[in-house]
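Below, chain A partners chain B and then partners chain C, in two separate complexes.
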Partner chain A sequence: MGPLFPQEIISGNWNLFLAFIMGILFGFILEQAGFSSSRKLVGVFYGYDTVVLKVFLTAAVTAMLGLLYFSLFGWIDLSLVYVNPTYLWPTIVGGIIMGVGFIMGGYCPGTSLCASAIGKIDAMFFFGGIFIGIFFFAEGYPLVKHFYMSGFMGAPKAYELLGISGGVFALLVIIAAALMFWGGEWAEKKFPREEY
Partner chain B sequence: MKLNQRILTSAILILLGLVIAMVPENTTRPYKLTPQQMVEEISIGTEMIQPDELADWLINNDPTLQLIDVRDPDAFDQFHLPGAVNIPLKDLLSDEWVDYLDQDVKMNVLYSNGTTKAHNCWMILDQLGYENNYVLQGGLNYWVETILNPQKPGAAVSDDELARYDFRKGASQALGGGIQTASPAVDKPKKAKPPVKRRKKKKAPEGGC
Partner chain C sequence: MRLKHMNPYLAGVLLGLTLLLTFFISGRGLGASGAVKKVLVAAVATAAPEHAAESAFYSKYSGVDKHPLRAWLVFEMLGVAIGGFLSGAIAGRLKFRNEHSPKITSKRRAVLAGIGGILFGFGSQLGRGCTSGSALTGMAVLSLQGFIAMMSIFGTAFIMAYFFRKNWI
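For the complex of A and B:
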């Protein structure tokens, strides 16, 4: 967790314990925000409810600004922040599979757990499907291994690839987010649904 | 009213974005130690590596040893210790070398001609919080003097000193130094005996704890 575990400030057991507590809090907040409703979740694809879009973009903008300002004040060393390595082609294909699964199943992996916890049967089926997927991926791994590792780019940051500073990129993301919020609210009015 | 709030939030966020877009990125690397901690580190002096220790590791091809030559490339090309990489003082902070300097696998021994430059580098690295960096005591000058061209001690010295001389002579041959080629052959049998005895005696109490 965070800087605490890698910097050996807390032990592995504390790490797991804190993860447990934060997992419960995360699930609770997800549920309270209505993310256990598959109709709300897929609403973003149909346009009648764009709360998912708003929540994710708000989180991204908040974290992005927080990190940049913390770095500016010297409270955090951005070079020490772990960035997932990019495998370009599998990421694109994986994103498409994830999106199709999202529309068809009505959940993403985390929210399916959340909805299972409050007793939604479709979410339990979705959750079971995850394991079927894991099984087939694991058994078929030798077949996709080559593709799975293709397009490795290291751990680049978008603004580095574009050749602009992190701050300018952040401003562009904020403007894009504001436009998408506006577009989302417009869609909600355009494609309203009474009950879902 | 509701719309106003949204516009206000968006305006604040965009303003924050504008500010962050206009300020330069903070690229300073914070020093990790306070001056007091630094004084303590220096006064303990644990960063020093004796030339005899280093010679021993070099002869044994210790895989954890990484020598770092902080002198200019010209000086490096003229002479450097076996296996050393050249990281001149002015390149110390470049990204190219950070994997060498900030790691926890190898033991870096910095050296220059004397000790000043190597110590300057060590202090910066230590402040940055990089571990496993050490300084060769006396630098290359002392290395040449003690290891590559050891002076035969006089008659009235301790056995320890003779043992050390003996080791240095061997090291000198192994590491390509040594101008005296004639004398070692004569001295060898004489000097070879005492150190073996001494070391055995010495090791027993050392191992006790």
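For the complex of A and C:
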């Protein structure tokens, strides 16, 4: 049955229109959860507010389980769902650069647009900065191209590397998420802040 | 009246269901930085078409047969802005405000936010996606890349938090 667009059950125009609708849901939920506040987002790194950890991991686990069950019931053909390819080194170094950007800027790209939409001026500076950062990468692309292509491993699933089944791996992810939720609740009591 | 934020676990389940629906409809997940890239490519291709055609980067994303703005992520990010605005309007949170710790100036906050954005923009290109498209979506499809991206981004921010603490707490 699914996914609809890759099997041409819906047209390209419908796919773009539904992208817009999915975006509205995405932005609405991010704002409702408080992801439009930089001081709330970075709270996870100081322990006073772990909303990022809770929303992010709950969402990942929900979608992960949903895909596994949809596949089990034959509702979605997982071979037609895009799996991010792994380029080991640029992913690690890119992640380190993004991590520094996160703690300095207080947002990530999606949340900065969401926060800009409700009038956060710091988010507008962050969002503008993304354009400059991508421009630097684009202009410097010939210099970094060799590294950008390094460590290519195809598009492996994480469980394939560990030699276990997808279901067992999903269970381990859920246990890890539950432990982190427990840690998050503990941290919020240990490092409370009244107003931010 | 300002309304409170949604319970984070409920928000997480709703976000996860939105992501699941996206996979079901489009065979791909949510993203963010890719849309900024497409807008930038369109701008450069308009302002300096010869430079864009010669560049190994821009020419990957634009050409006679494909317009960079006619892209899934661009439509999705337009929706994110509207969805965020609607939620802010309902909750009474629409207000122009530069949010920062009382210990730092408004100017310092703006400069740090801009630098953070530059770093995030650059890193998202090197790492082939940001927190949404690489970490969240990648983890949902159990891709190795998603888990590495998540640990690298959040691990680095957690380690660096100590050095930037005076800007936040």
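As a working rule, the second predicted complex is superposed on the first by the 194 of 196 C-alpha atoms of A that agree within 3 Å, B and C clash if a C-alpha of one lies under 4 Å from a C-alpha of the other, contacts with A are read in each partner's own complex, and residues count from 1 in each chain.
In the analysis below, contacts are C-beta pairs under 8 Å (C-beta built on N, C-alpha and C of every residue); 3 or more make two chains touch, one makes a residue touch a chain.
In this text, all values refer to a predicted model and were calculated from it rather than measured experimentally.
Residue contacts after overlaying the shared chain place A:L88 against chain C, while chain B stays out of touching range. Applying the stated contact rule after C-alpha superposition, one finds that A:V61 touches each of chain B and chain C. After overlaying the two complexes on the shared chain, residue contacts for A:A170 are found with chain B and with chain C alike.
In the superposed model, C is the one of chain B and chain C that contacts more residues of chain A. Once chain A of one complex is fitted onto chain A of the other, the partner contacts of A:M149 are absent, as it touches neither chain B nor chain C. Of the two partner chains placed by the overlay, only chain B lies in contact with A:A178; chain C stays clear of it. Touch criterion met: A:I118 reaches chain C, while chain B stays clear of it.
Taken together, the two complexes place residues 61, 166, 170, 173, 181 of chain A in contact with chain B and also with chain C.
On chain C, the positions that touch chain A within their shared complex are 5-6, 8-9, 11-33, 36-37, 39-41, 44, 55-58, 70, 72-73, 75-88, 91, 93-101, 109-149, 151-161, 164-165, 167-169. Across the complex, chain A meets chain B through its residues 61, 65, 68-69, 71-74, 77, 165-168, 170-171, 173-175, 177-178, 181.
For chain B in complex with chain A, the touching residues are 6, 10, 13-14, 16-18, 20-26, 28-30.
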